[in-house]
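Same chain, two partners: chain A is paired with chain B first, then with chain C.
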Partner chain A sequence: MAVSVARAHQRGRPGALRRAVGSEHFSGWAFVTPGVVIILLFGAVPIIWSAVMSFQKNNLLSPSTPFVGTANYRQMLHDPIVVQAIKHTLIYTALFVPGTMIVGLFLAVAMNRKIRFISFYRTAAYATMAISTISEAIVFIWLFDPSYGVVNYFFSLIGLPQQQFLNSPSEALYVIVAMTIWGWTGFSVVIYLAALQGIPQTLLEAASIDGAGPWRTFRRITLPLLSPASLFLAVWLTINALQLFDEVYLSTQGGPLNATTVLVYYLYNQAFQQFNFGYASAIAYFLFLVIIVVTVIQFRVGKRLTYYRS
Partner chain B sequence: MTATSAPARSGFRRHSGFRRHSGFRRHTGHDDVPHARRRRLPFSPWHLVLIPATVLLIFPFLWLLVTSVETSSEALRFPPLLDPRVIRFANYSDALASAPFVRFFINSAIVAVLTVLSNLVLCSLAGYAFARFRFLGRTALFAVLMATLMVPFQVTMIPQFIITKWLGVHVLAAVGIDHLGALILPNAATAFGIFFLRQFFKTLPLEYEESARVDGASRLTVLVRIVLPLATPALATLAALTFIDSWNNFLWPLIAVTSTNQMTLPLGLATFQGAHQTEVPLLMAGNVMSLLPMLLIFFLAQRYFIRSVAATGLAGT
Partner chain C sequence: MTKHRLRGPTAGLVTALTAVAVALAVALAGCGSDASGSSAAGSGSGTIQIWEGWTGAEAKTFAHMVSQYEASHPGQKVESLYVNNDNTLQKVLTAVRGGSTPDIAYLYGSWAPNVAEIPQVVNLTQVVKKPGVNWSDFWTGERAVATVNGKVIGIPALVDNLAVVYNKTLFAKAHLPVPGPNWTWAQFVADAKKLTVASTKQFGTAYVTPGSEDTVWHWEALLWEAGGSLLTADNKKAAFDSAAGLASLETLRTMAVTDKSMYLDPADSAYANLFNSGKIGMLVTGPWDLSAFPNVKYGVQVMPSYAGTSGGHQTISGPDNWVIFNNGATQVTNAEQFLLWLTAPAQVKYFSLQTGDLPTRASVADQASVASRMNTALPGVGTFVSNLAEVKQARPQITQYPKISQILGTMIVSVLLGQSQPQAALASAAQQVNAALAG
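After this line comes the complex of A and B, so read on.
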């Protein structure tokens, strides 16, 4: 019915207009415009705008925004907090990414079998995906509370000394690593389980016939076949790790003594607490550069280590 | 593993190709030496790994629940009370009385639902055009969209804040700073959504669309009547991923919204935490109420969410 309505509608139009409106150029632009306008306005324009701002002295409090060349970038090199923030971001990433991958791989392998309660086990892991970073941080702050926390209680049971955790400059970052690994467990289990279920049974049986034990089969067959999933997880988790913010904002606000100040937290602090838009934009572009460099390295190295079937 | 369950299990494996690492050896063991496995544990040894792992995974949830019904004096005690004597549900009503959690929930729902709907509509339209139409500037435009995909949000957030503020003052207050519209409009269409649907549309066979066009259907009719019904799995995936992203988004609401009655759940909860840091049971009750809706939605639609997340991983490999 709609077809015939459309046809009648078209027939009524004068020739030239009908041809223009009916053309693929017109339809193409008509279809893409609403979505593209939003993405250009809130995605593409800001990319250029913040690039320009990173070369300006742009402080919300003063009306003029003079160009200052590379001053913002040079300021970063001499800002001790930026240097610390880079260090913390890299330490965090170096612990969080492999940690999440190992936990995810281990659980996925354990859960890749039909045994009793398996859907309960899986659901328990998946459930961590439904938890917002804020909920997660609030629970973990309480678990790791230095005075009343249950983790310190378990420590006391096995004879370990009481820890200050998030209040301690030398421990706070590691507590954040622990809480974010917990929060991402469900995600990495899902990715690894999907990849494990894509491995053809015949390959594993062939290895078994050839006399390979379970560990050898895992090392030589399963792990190489999982490498595309591992590369995806490594890249995806790294991009997210370099952008760590929510947990830090909620649990430590970058403290104590800047021990958990990571790049994005410092960027937020500069942009929306100090209102140094110019300097914050320079930090944002630096972060972008770090993400690009790390991702390219991962793909380069990953390509050599990744085994693709077909 | 019990003797009774073993035949059923290997039978299942034979029919469905179910995999396990030592599958081959088990199989022959069952056929040739029926009682060889008697020495083994009466259950799969993997339970010994999975039970402690699962306890670790759900312990934070359990501890959250326990604390949320304790009294303040019970919570602030060391060693901690593992089984509270009094179940104090009043913490929940107290939390509701001290922060508008229902309002936060409604705001989150409005933002998430509208963001999902607009993404489905706008990304379908654009994705279809990029997949099927040849129009002037298509390649260049698509390249620009893909470039924005690589850029982290932190690079765009300051100009996005300025633009949103300007829009609210000069164009429409409802999409300006401190309005729910500010949380919807910038995410109403995403380059990821367009790319994702375009890739899916390209895998569909052309024949149906061509014959409908020959019959005189307009391009929009073809998209709505023929292509979208075929793309339901992709649309469901995009909807699930967009929903999770929108529901859990924190940094942008933190920047764009300041008044309590415009806050979404994560932001409202974070503000609540700031105000009630020492009232632990109250805070935990608020936290339970904040995470419960998403947890319920997740359990109800677990299949969809898992498939969607797995799809991003498989697309990446």
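After this line comes the complex of A and C, so read on.
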């Protein structure tokens, strides 16, 4: 802004300053500047700073922060835990995103009708979003406790073998999946319910007059009309799934034996427990890249599969 | 992934703002150095800022002591800010960058080697030699954790240690004599087996298995009792791949895998409730847990020993430090004066009696009245007080310790879960530790 004003003066066009100040552009910028500055301060600056750190050996403690080139990025290639963390993150995302969408869709369809106590059911479904992650984690730790948990109790009632759950490297990640699907279902229920209520009754009536059964109506009318909501949920839940942290931190701390170490947990561990802020920043940037790529793919593919009513 | 912090794709925003942000970042860098300059100049106002994480009785007692100090030292003010202890180092790191460090902060002992790298940390080596400080009155374990490479970087703020808390009722039910002061790990293992009742889901003992430092330091006590050590004396190589290391892991393996007498707590959150519900016979834990056991009749005994080794009944301690940051000479002087007052015997005694926290000074713990009064307020604490004398060594004070801890955590958990044999786990961990120390 200031630069362009100065330049205008150099070119010797009198009145340019007054015109600039009086223009709509100026007042527009004046209104958004406070917001922009805050976003830059708390959004863009850390993003850039961590980019710089990812090329440094930096523990944030000592003033010496030698430039190490791409060493942090190359270290990732040779770090077996990074490979595991990527694997866990992908498995988690692949289960969590469709899981949350399917459960949410099922509940939303079930609640998209006029029955008694419907507000209560809807509130109950959304309550999972209002419950803090820490209470959720504590409840699930007890539900899935190998010795005292309710889940193993039900398993014993129906003759299934007792499981180790969070104590088992092969099962712990799936417990986290269950925990987070439960926690996020309320979110997808709300989105799907809103979308369902936007479907015009006339289309559904027309289908039934044409002789379509409920399943066919659902497949051919409801699902396609829900596709914008599905795309939104898929993108949103994927971004969040790739950033899984709280539930892992609160329940297993990445264990047992790194079985639930996902990328964000590992970068937290590297940064705040091992003081490798440079390396942690490199991991963060890798994750950032993954998220961008995945999101772009989702939008590309989603565009073809999504039906927008004009 | 926090639900309350929903964030959309930021990719587009970033590209758009990058150019502007660079300019702003440069400008900010300027501001940052300005700020640090002015705060380093020091105001000499006599107000010092302290970051502490006391809660409950500790917070009340600390506030009372601060007002006492201010009353007896006219012109001195102490501004205290509550910071959750887990987050203090994070907050300090930010403050160091912004040039707004507090004058004093409460920092975990396990951070000490890394804290020592912060240039603003004040070297207290000469301060603790001043007459009246009586540095050797602080426990060996405390002094070791406050010292990094011969440099004193903190003054002990809190101390604890591990001992065995046992359920008297469960011992009586199993017709077992309660543990005596000369007991061994063989007895512990045998008792744990007899205290295990599969039908009522009662376990002999418990172990925390997130693989974190909490997993590791419990085992380090066993290693020392078996006469082993973690690293060589020069901290250059692993030394735990030894007979002592094997004995300690075998002990854990027998209970967790063979006898199934050990409840494994993957989230480090269930064991205290279970003990308080009478589901666990014995716990290796510290004084902080005692107040969580109001429903059971418990006793406290020193750690078991390994027969035929020189390790004895020694235990491990996790002391924390008060650390001073340099905000100018006047501030440092005022901060030192306050800390030396706060950690003098009279104040240590007052704090322990009011809060039940173990005395940080031996001379206070040695006063019979202190231990007995503390024990009346919270039964069992007396044993933890006398157990402080059993803290003979500290964890290695090196910056690589967090990495080593992680390797050891994996080693211990893999043995407890029956995923690997003790000997193989030791060898593999030792190899990784050597690599971490060399790197």
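The criterion applied here is as follows: the second predicted complex is superposed on the first by the 272 of 310 C-alpha atoms of A that agree within 3 Å, B and C clash if a C-alpha of one lies under 4 Å from a C-alpha of the other, contacts with A are read in each partner's own complex, and residues count from 1 in each chain.
By our rule, a residue touches a chain if its C-beta (ideal position, glycine included) is under 8 Å from a C-beta of that chain, and two chains touch if they have at least 3 such contacts.
These numbers were taken from a predicted model, which means no experiment stands behind them.
In the superposed model, more residues of chain A are touched by B than by the other of chain B and chain C.
Contacts of A:Ile47 after superposition: both chain B and chain C are touched.
With both structures placed on the common chain, the touch criterion links A:Gly302 to neither chain B nor chain C.
In the superposed model, A:Leu143 makes contact with chain B only, not with chain C. By the touch criterion defined above, A:Asn167 lies against chain C but remains apart from chain B after alignment on the C-alpha atoms of chain A. In the superposition on chain A, A:Ile239 contacts both chain B and chain C. Shared-chain residue A:Asn59: touches chain C; no touch with chain B. In the overlay built on the shared chain, the residue A:Pro228 is in contact with chain B alone; chain C does not reach it.
Residue contacts after overlaying the shared chain place A:Thr133 against chain B and chain C alike.
With both structures placed on the common chain, the touch criterion links A:Ser208 to chain B but leaves chain C unconnected. Residues common to the contacts of chain A with chain B and with chain C across the two structures: 36, 39-41, 43-45, 47, 49, 129, 133, 138, 142, 147-148, 187, 235-236, 239, 243, 245-246, 250, 264, 272, 291-292.
Chain A makes touch with chain B in their complex at residues 2-4, 6-7, 10, 24-29, 31-32, 34-36, 38-47, 49-50, 53, 106-107, 110-117, 120-121, 123-136, 138-140, 142-143, 147-150, 152-153, 156, 182, 185, 187, 190-191, 193-195, 198-199, 201, 204-205, 208-209, 214, 217-218, 222, 228-229, 231-233, 235-236, 239, 242-243, 245-246, 249-250, 264, 267-268, 271-272, 277, 280-281, 284-285, 287-288, 291-292. On the chain C side of its complex with chain A, the touching residues are 1-3, 6-11, 13-14, 17-18, 20-22, 24-25, 28, 89-90, 93, 96-97, 114-115, 117-119, 201, 203, 209-212, 263-264, 266-270, 274, 279, 399, 402-403, 406, 409-410, 413-414, 417, 419.
On the side of chain A, the complex with chain C involves touching residues 36-37, 39-41, 43-45, 47-49, 59-63, 129, 133, 137-138, 141-142, 145-148, 166-169, 172, 180, 183-184, 187, 235-236, 239-241, 243-247, 250-258, 264, 269, 272-275, 291-292, 295. Per the touch definition, chain B reaches chain A in the complex via residues 9, 12, 17-25, 43-44, 46-47, 49-50, 53-54, 57-58, 60-61, 63-64, 67, 75-80, 122-123, 125-126, 128-130, 133-136, 138, 141, 144-145, 147-148, 150-163, 185-191, 194, 212, 215-219, 221, 223, 225, 244, 247-248, 250-251, 254-255, 265-267, 269-270, 273, 280, 283-284, 287, 290-291, 294-295, 297-299, 302, 305-306, 309-310, 313-314, 316-317.
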